[in-house]
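In the two assemblies presented below, chain A is common to both, partnered first by chain B and then by chain C.
Presenting the complex of A and B:
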């Protein structure tokens, strides 16, 4: 790795270590969630981004990790063989075992069929869980307690944060080292061309199962950390939306860069934390975000950063700065316009507003409170605001595209080989 | 240099896809140490024969005997591990990985590290040396960090040869390795193949007759799923059946 990477890494870790002194308790709780989501996404990405196997059922391995850890916590009471700090090992072992079992079946097929089998296995577990009350605790789930160990009480969020951080850093480190092992290199071969691997003498099925199991094992660690954090487990953890979230998070971050999924997962978890209290439409925004990322930057946020770096190299910073400013401004305006429209409509069509209107027939449409102002649904200005925001935002997008085209044309005229921008996409891994 | 001892024998091999008989009883003998060409008009089934030998397809009937083992219907990785490697007519590589990585994946197999999770790949100096040696051999050392999918076609063909060689096979099957190469590149590739097949047996499908006649000790002619003649280049050149069935067509065309 280059020295720049080391410096960035040291800064990042330093920031994470210092975080408890910098944030509020509620933000610290969100940070624990972000760390867990980041590890889960990176574990998923071993299979998806590196091995080229898109699993739609990774909640299963996360979930069994959580349940295994909760059971271990109850069984050992934080003493003996498995003191509290080592509890996620239970998640790792069970994740690994379930991963070997599920992986053996799922990797019998490739592509769409593989994805369908992973989905089916996860749904099977989800459907089975409420009936196995002893294992999954039924509707109520199972709860547990973090017991003191090694001189820590694990009563405060700060201690849980550091424990989570240690596990996440250790796991990410191991996952990175994994990419440097022979199996790690072969994982990329699986993604690129399993057919050729077979004719080079490799047992592709065995390799697939190995990769699947390793991915499931680290998903199990993430699940175990979740158990330590929430001191409970419920079968809703096995639901499809957990599997979907890890896919979306990884792709938003960018699956072709090692830490891309971690970035996507922590950002989306943070947005979820920040926005879900403010709006009921959080899932809609998440969906819109995902569609936009897939349409306009399919290599994710990390791919987008790579593109910025490459264009800066190709065209110079002064040339792309106005472009970035215009793009940023356009993004802000379009988001504002969209949020205004969505929130307005959501309130307008809400049950409360409807029943209020029904109670006072003939009173006309009551004003709707939004962003500290009352807006009349029938007033022109109410709809002119989002339209105006989107209009100006759209115009800026148009302008930014023209500017980009002009840059590209000029570069071509100057015969500057601008293929740096295109190779940046496949740069990592 | 070749002995009379066969290392690969096909006897009475049939292959049908549905109703269509593609291979209709092929008998073929590859002697240890020889360079043997399989020629024939388009659609004769040359690539299918390769697929049958290398385990890509399973024959309907007949026997394929390789170095003391019956390998008809065995899996590709099993056949490869017995010591038979192949290249593909349609370039078959790891397109988004570097040239070095492509060859390293091919080299690694023989070092038995395919289940190793506790050591780094860089801690195997032999793997690195062999990979670099292969890069030199096929003149791709300067392109080692290029993305394989972005190589020129002929560079990819050279890489294919290197990947087939990486497992140090006893028998190597090359499916039209020179297709798409310039004259200069073809000349180099012929020399390369001569060099790297020292002490191995080669079965090659090739359309360039100059290459076939200069490279190979023996030639088999496959027409409509049957071998109609096998012999030295001179024997084949003067074989009446071959002239009618194959060379004659080309001359007339």
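Presenting the complex of A and C:
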């Protein structure tokens, strides 16, 4: 790694270590969730981004990790199987075992089939879990307590935060080292060309199962941390939306860079925490963002940053600055328009509003409070605002594309004469 | 005996319903290689459109209009979304449809609320067609089965007996050759995608009134439809039909079976041991009926990875 990567890494870790002194307790809880989500996404990415196997059922391995850890914490009448700081190991072991079993089935097929099998396996577990009361605790779930160990009480969220941070950093470090090992390089081979690996004499199925199991193991660690954090486990953890969230987060962050999924997962978890009180449509925004990323920036947010760096190098900062400003402005305007429309519709179609309108039939549509103002649903201005925002945003996008095209054309023009000159020279020789 | 016949009939009709949704999915997969994650969302849209339209068009009018609308949504999805990311590969297309299914579910929640809506079968259809022993058999179930069978016959005739069918089949088999012969293959793709979506929408409009119409119906059925196509073999219509019926009948029959693994083990004298172990062994088959299709799928994958009627690949 280059020296400035090391510096950025040290700064990041330093910031994470100093975080408890900088934030409020509720933000610290959100940070724990972010760390767990980041580790889960990175574990998922070993399978998906590096191994090229798209899993739609990774909640299963996260969930069994949580349940295993809760059972380990409850073992011996609450004494615990291991000292509290080592508890996620239970999640890791069970995640690994379940991963080997599920991976053996799932990796019998590749591509689309693989995705469907992982989905079905997760659904199988989810359908079975409420009936197995002894293991999954039925509808109520099971709860547990963090026991004091090694001189820590684990009563405050600061201590839980440091424990989570230590585990997440350790796991991310191990996952990174894994990418440098021969198996880690072969994982990329699985994504790029399985046939070739087979010709080279590797047992592809066994390799697939290994990658699957490693991914499931670290998902289990993340699940174990979740158990330590919430001191409970419920079969809701095995639901499809947990699997969906990790797919969305990883791709929004960018699966081609090692820390991309971690970035996506922590950003999305943070936004989910920040806006959950303000809107009921957070999942809709997340879905829209994901589709936009899939359509316009397939390499995710990290790919977008990489593109900015590359174009700055190619065209110079002064050339792309107006482009970036226009793009940023367009993004803000378009999101404002979309958010306004969605929130307006959400309030207009909400049950409260409907029943209120039904109670007073002759009164017409009551105004809706949004962003500190009352808007009449029948007034033109209510709908002109989002339309205007989106219109201006769209125009800016159009302008930014024109500017980008002009930049590319100019760069090509500058290159073509020099190329022509060199061929002419070659011809003369 | 009557119970058995009623269960069988219910199972067959549920299977036919599964087939209506999985037919479009498997057709689209066979042609474009895209597994459309949003396909079950089209089923849900069909139910919600029919619910929203029945006030102005009446039940039967909505039953006709809703699939057409869903078909149009399908055309838009193919033309403006899938086609744009086609060059990134199939995994990318799968992810895009996954995101779309997410958005559709959230939009449905936005407009209709996160609870079941009151979409019911019309009073004119709410009667018993015939009696089997002690139980009345609802006419609407038979109607659902008839719609599915009619649809299957129509699609089959369309694909095998008409000129359009020949072009579609050639576009599935050798898209580049069909294009070289002057057929507009992208248009064919768009059409098939639209028709597949419309079929799923029709299934939703018909079944939503009988079962519940809620924002989770897409996920619940979607997973089952994936099981159907894996068991039947992706891309095979016949396989989809066979697997749908099989899964429909098995789920329907297993709901009525009150035995557990412990009872089976009692035959070889290990019943008491099984009762002591508990857990999976003492679960009644009826309570884990929902998991049987998945177990069947794992079995098929072990024994015959390409599905019951799929090609070896």
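By our rule, the second predicted complex is superposed on the first by the 409 of 429 C-alpha atoms of A that agree within 3 Å, B and C clash if a C-alpha of one lies under 4 Å from a C-alpha of the other, contacts with A are read in each partner's own complex, and residues count from 1 in each chain.
The rule is simple: a residue touches a chain if its C-beta (ideal position, glycine included) is under 8 Å from a C-beta of that chain, and two chains touch if they have at least 3 such contacts.
None of these values were measured; they are calculated from a predicted model.
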Combined model on chain A: chain C and chain B, fit or clash: fit
Chain A residues touched - chain C or chain B, whichever exceeds: C
Contacts of A:207 with chain B and chain C, given as first, second, both or neither: first
Contacts of A:6 with chain B and chain C, given as first, second, both or neither: neither
First, second, both or neither for A:198, with chain B first and chain C second: first
Contacts of A:108 with chain B and chain C, given as first, second, both or neither: second
Which of chain B and chain C A:317 touches, first, second, both or neither: neither
Touched partner set for A:180, first chain B, second chain C, both or neither: first
Which superposed partner A:371 touches (first chain B, second chain C, both, neither): neither
Which superposed partner A:189 touches (first chain B, second chain C, both, neither): first
Shortest CA-CA distance in Å separating chain B from chain C in the superposed model: 12
Chain B and chain C footprints on chain A, overlapping residues: none
Interface residues, chain C side, partner chain A - complex: 29, 33, 35, 81, 84-85, 88, 90-92, 94-96, 98-100, 102-103, 106-107, 110-113, 219, 223, 226-227, 229-230, 234, 278-280, 283, 287-288, 290-291, 294-295, 297-298, 301-302, 305
Touch list for chain A against partner chain C, complex: 52, 54, 56, 105, 108-109, 111-113, 115-117, 119-121, 123-124, 127-128, 131-132, 134-135, 240, 244, 247-248, 251, 281, 283-284, 286-288, 290-291, 294-295, 298, 342, 345-346, 349-351
List of chain B residues in touch with chain A within their complex: 54, 56, 75-77, 80-81, 85-86, 88, 92-97, 101, 104-106, 108-110, 113-122, 124, 147, 163, 166-167
Chain B-facing residues of chain A, complex: 177-178, 180-186, 188-189, 192-193, 195-204, 206-207, 210, 214, 423, 426
